[in-house]
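Okay, so chain A shows up in both of these, paired with chain B first and chain C after.
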Partner chain A sequence: MNTQAVGKALRTAPPTAWFGMIVILAYIAVAFLAPVIAPYGEREVVGQQYLPWSAEHILGTDKLGRDMFTRLIYGARNTVGIAFLTTLLAFLLGSILGLLAATTGGKLDQLLSRAVDVIMAIPALILALLLLTIVGTSITNMILVIALIDSTRVFRLARAVAMNIVVMDYIEAARLRGEGMRHLILREILPNAAAPLVAEFGLRFCFVFLSISALSFLGLGIQPPTADWGSMVRENATLITFGEITPLLPAGAIALLTVGVNFVVDWMLHRASGLKE
Partner chain B sequence: MIALRLGLGLVTLFVISLLIFGAVELLPGDIAQEILGQAATPETVAAFRRELGLDQPAYIRYFVWLGDVLQGDFGNSLANGRPITDLIATRLGNTLFLALYAAVIAVPLALTLGILAALFRNSLYDRAVNIFTLTSISFPEFFVAYILIFLLSQTGWFPSIANVSPEMAFSERIHRTFLPALTLTLVVTAHMMRMTRAAIINLLASPYIEMAKLKGASPTAIILRHALPNALAPIINVIALNLAYLITGVVVVEVVFVYPGLGQLMVDSVSKRDITVVQAAALIFACAYVLLNLAADVLSTLSNPRLVHSR
Partner chain C sequence: MSEQSLLLEIKDLHIEGRADETWQPIVKGVDLTLHRGEVMGLIGESGAGKSTIGLAAMGFTRDGCRISGGSIEFDGINLRKASEAKRRGLRGKRIAYVAQSAAASFNPAHKLIDQYCEAPLSHHVMSREEAEKDAVELYRRMRLPNPEEIGFRYPHQVSGGQLQRAMTAMAMACRPDLIIFDEPTTALDVTTQIEVLAAIRDIVEQFHTAAIYITHDLAVVAQMADRIKVLLKGDEVEEADTRTMLATPKEDYTKSLWAVRSHERKEQPLAGPGETPVVSLRNIDAAYGKAPVLFDVSFDIHARRTVAVVGESGSGKSTAARVITGLLPPSSGEVLFDGQALPTGYQARSKDQLRQAQMIYQMADTALNPMQKIREIIGRPVAFYLGLSGKALEERTRELLNLIELEPDDFIDRLPSELSGGQKQRIGIARALAAEPRFIICDEVTSALDQLVAEGILKLLDRLQSEFDLAYMFITHDLATVRAIADEVVVMKEGKVVEQGRKSEMFQPPHHPYTELLLSSVPEMDPDWLDRLLAERAAAGTEPA
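Then we have the complex of A and B:
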């Protein structure tokens, strides 16, 4: 797609898609500029616990006396960053294996597909809990476990998309030319499978992001003192029953980003399917 | 057709039990050593290994374990040595109660809203519902839960901690678990109604719907009498999928509301690394998930006469 087409697509984008894009850009900006925007240090204890909102502490302080606003901003960096990394890992693993399975076929395809079937027959969160018990809870382990589980979903899609491509004449031609597997996958199949995979990346990111938040909320993912939205909700949850809105803000931050990404993906899928209202 | 699907379901259950058993085998280190601590003498460890049956080869232990599980014996907890069956008995009942409670509200609600959205498609109602559902799919369960606590429990109508006990009266139990059930309802309703709407709208372009329109059937009759019966298969599928999703959702929601269910036990056991309890809970959740998917496939086959009476 050239610049002109991108411009046209953006002009005709519905308000929901615009809203989504602005939200995503804002989160990226906050994640990169966290140390500049945040008034205090991420782990710095700056006052008494549970201070109310004031000029010094815009959103008050948490149960250890750390500035809520600061931790909310650093959360953009930690939570979103880790979710992005995990999605990327799941994508690399899932799409490489999926494309390979579709191109090679035969025993390898059978083996990988059946393994994926088994993993997908167990609910993702339950499998994640089981695997985390075995390897122990830490950020690295959580990233690897979730990437592994989500890569099965990517594998399914990548394989299904590639299956329709490998039967094309130009793939046959490339095979006859004597091109290697690497060339076939990277130069012939991948460019034609890119569009659905990109849309899937957005959806996958939402799932990974929600899984990581859920695990962190359960106390099994990102651990304090690292600022993270899921565990921030858990730490300060008692305030909610007293009618305080502050602990809801990190959860709201999670929801807002997933809504934004979903709106953009919805629009992209709508465009790709050629549906016009 | 159905027999084949049932057989496939059994194979899936078998493979899952193998996977869950095998995963524990991969546990780094020796369970016996871990329980007894570093101070234990090699003789004690060896004796304890014999007691746990760890000196047997893995495949024998697998069949012994499977046989016990099928008789309802999950072994003992690593953390406190109590029989797991005692730990999970009432909790499993509580979890099923909560999931069922949510399903009883969510399924009729989602079907009604979905049919209405198909009836008034592209109206303001339809668009509002579309945005609402897309938004609620994106919300983490604990966000929905805490918003409900924030909005409703301050009024004092519903308690924010769902502590139930076996001897509690049914009405009291319904009242106490209302907020967790409502949370789960909100989480699953959106997806179900979206799919109901899509399944019905997909059919509206068919010639036989055109025919019904031309003979003067009202829009309501077209949707309810002509489109809905043919849309049943995808709708049943999505309902089962969401009930299966309730199984995962229930874990987080139970923790938020301190509800004494299986999910909460599982989360507690993960942080204690009580592998045998996690194993039992994972097996139960996974089986429920597989069985629901199986039920969905069988029911949607039954709803289609062409598949039941296949040549």
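Then we have the complex of A and C:
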């Protein structure tokens, strides 16, 4: 798409899409500018534990006396950054294999598809917990495990989309020209499969994000003292019993981003499917 | 006809379609009057607004379209002002619609007779038993085989021609006053077309139903319609009764439509006995899985010659092309190129072997990658086979665009979606030429195009052939195209070659009986042609095909 088309698309975007885009941009800005915005250090103990909201500590402090607001901001950097990296990895793996399976067909397709079926047969969170227990808990391992599990979903989508493309005459023409697999996949098929894949990227990002938070909440994800929204909810969960909403703020941050991303994805899917309002 | 009562009156109809956020006119003020029992032929190229007018006669517009002006009055009811519920009450009961593709219009999950009964039941015209009895009666009148049983089959269990007749029977279920036929025989083979045309005409006459018959085929409309209206880009060109229109068209555009089938190339002499054919099929047998499709097919194609391969759908003509390109390795026999046997699968062929044989597809829409610009579509084979890049590549691409008569500056950076059907097909030709081949397979390249556009494509192919000494294999089911372009003709039926020879011999008797059937089934402009043909066939004791 050229700049003109992008401009036109933006001008005609519905308010929900604009809301989503603003939320996403705000999160990205916060993630990049974390050290500038945050009043204290990420792991710095700045006062008593569980301090109430005050001018000094806008959102109070957590169970170790660290500034909640600061940790919330650093949490954006860690959680969003890791989720993005994981999604990217899942996409590279899933879409390349999916397109390859659809283009090649035959035994390779069978092999890959059945392997994916096997992985998908096990509930994602349980499989993630299982694998993390085997390979050990670390950020790298977590990224790899979640990327592997989520790549199976991407694989299915990429394969299904490509299946409809490989039967087109222009693919036959390219094959008869003697084009290699690389050209077929990258130049002929991928541009036509891009729209649904990009939309899926947004959606998948939300799922990955939630998986990371869930794993962190269970203690197998991002490890303390690194700030992360999932573990922040768990660490301060006791406060909920006292009617405090502070521990729910990280959860709210997760929810807001998820909603924002979904608004944008809905809009992109709508455009990709060629529907007019 | 004027003494009969008025059924449909459309006045100054304007319809707009939404494109790029603005409303563009599709129909620009068309009048149409239809009396009871009258058949009106609407004719024009694609984009003329024929189908849009046909649907508007039911008070219906497609999504993204709106009626912006004029009036539609059906038997005293103003369809523009009537409520949706009232209009729905008319549709299926008093106005029926027969679509181009019966295969796509039937629900594949229900039996034919269930779908037949739907309209009479929902309009409370008949009980289920009555409707079923009626269906059998109408199936019989449409001359469907086994009328008692055919209704209990699913759509995929009957042939295309039978399906189209079942669809017409279904439209007749409530004995409507008006039926709209939207290109009902366009997707059918000529031999099948005849029976459908005859059946439609009979049943419309028997029930004294009025009809709007939409088509782009002049010869077909000449058989079916009492009056013909010619449309061009949403405007009426002229209207007259069929015989007047055929004999003395007034407007230049109509005359050009009538004259369209005039292109005929001079037949090349047969190649000398010592000349090696460019492509030669030797005793080819081929099968899809276990189902055999080709039986002992042999023919030669020489340089500077066009061999037309003719036959109905399922006759194996496209399969023969797949064998030549290596997409379907034959189970026995061989394909020779310049006297050398080609490896059977395309994967085993060398880059140069692949380069020499190119293909042009029927549907330019699916043959061009919608996400690539013309520059890349045409440039890729140039870069791939000839190794050109940078400035040389750009120059060659422009040269190719000039060859196919498209202005390079204007077209090189467009996407396929920004081209018309004929322009897309020209790009398909340029892509084949880019490889500098010696042999090109043209698979029904003009069948999806309007006649004027198709004529331009045929002339272009003709010119390129003499310029580059190309050999063409031209797959088609349209004998008018054969007449226009072929030197030699191969007639195929059920996977076998039934007759082959020079074009001049093929169009002269004596014919093989199947060739005779094909030739006689091509509609002619003469309005009496169908009657005469049916009478002849009845006299000869052959059932109408």
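To be clear about the criterion, the second predicted complex is superposed on the first by the 276 of 277 C-alpha atoms of A that agree within 3 Å, B and C clash if a C-alpha of one lies under 4 Å from a C-alpha of the other, contacts with A are read in each partner's own complex, and residues count from 1 in each chain.
Here is the rule we use: contacts are C-beta pairs under 8 Å (C-beta built on N, C-alpha and C of every residue); 3 or more make two chains touch, one makes a residue touch a chain.
Being a predicted model, the structure only gives us computed values, none of them experimental.
A.B. asks: After the chain A overlay, clash or fit between chain B and chain C?
C.D. replies: fit
A.B. asks: Looking only at chain A, is it chain B or chain C that touches more of its residues?
C.D. replies: Between chain B and chain C, B touches the greater number of residues in chain A.
A.B. asks: May I ask you to decide whether A:248 touches chain B, chain C, both, or neither, giving the answer as first, second, both or neither?
C.D. replies: In the superposed model, A:248 contacts chain B only, not chain C.
A.B. asks: Between chain B and chain C, whom does A:217 touch in the aligned arrangement: first, second, both, or neither?
C.D. replies: The first partner, chain B, only.
A.B. asks: Can you pull out the angle centred on chain A between the C-alpha centres of chain B and chain C, to the nearest 10°?
C.D. replies: 90
A.B. asks: First (chain B), second (chain C), both or neither: which does A:192 touch?
C.D. replies: Touch partner of A:192: chain C, not chain B.
A.B. asks: Could you look at A:168 and tell me whether it touches chain B, chain C, both or neither (first, second, both, neither)?
C.D. replies: Touch partner of A:168: chain C, not chain B.
A.B. asks: Look at A:85 in the shared chain and tell me whether it touches chain B only, chain C only, both, or neither; answer first, second, both or neither.
C.D. replies: neither
A.B. asks: I'd like to know which partner A:176 touches here: chain B for first, chain C for second, both or neither.
C.D. replies: second
A.B. asks: Working from the superposed arrangement, determine the closest approach of chain B to chain C, counting only CA atoms, in whole Å.
C.D. replies: After superposing on chain A, chain B and chain C come no closer than 5 Å at C-alpha.
A.B. asks: Which residues of chain C touch chain A once you look at their complex with the stated criterion?
C.D. replies: Going by the criterion above, the answer is residues 18, 21, 64, 325-327, 346, 349, 351, 354, 359, 361, 363, 366-372, 376, 380-381, 384-385, 431, 435.
A.B. asks: Which of the residues in chain B come into contact with chain A in the complex?
C.D. replies: Listed in rising order, the residues are 12, 15-16, 19-20, 23-24, 26-27, 122, 131, 134-135, 137-143, 146-147, 149-150, 153-154, 160, 244-245, 247-248, 251-252, 255-256, 266-267, 269-271, 273-275, 278-279, 281-282, 285-286, 289-290, 293.
A.B. asks: What part of chain A is in contact with chain C in the complex they form?
C.D. replies: Touching chain C: residues 12, 168-170, 172-173, 175-179, 187-188, 191-192, 194, 276 of chain A.
A.B. asks: For chain A, which residues count as touching chain B in their complex?
C.D. replies: 16, 118, 121-127, 129-134, 136-137, 206, 210, 213-214, 217-220, 230, 233, 237, 240-241, 243, 245, 247-248, 251-252, 254-255, 258-259, 261-263, 266, 277
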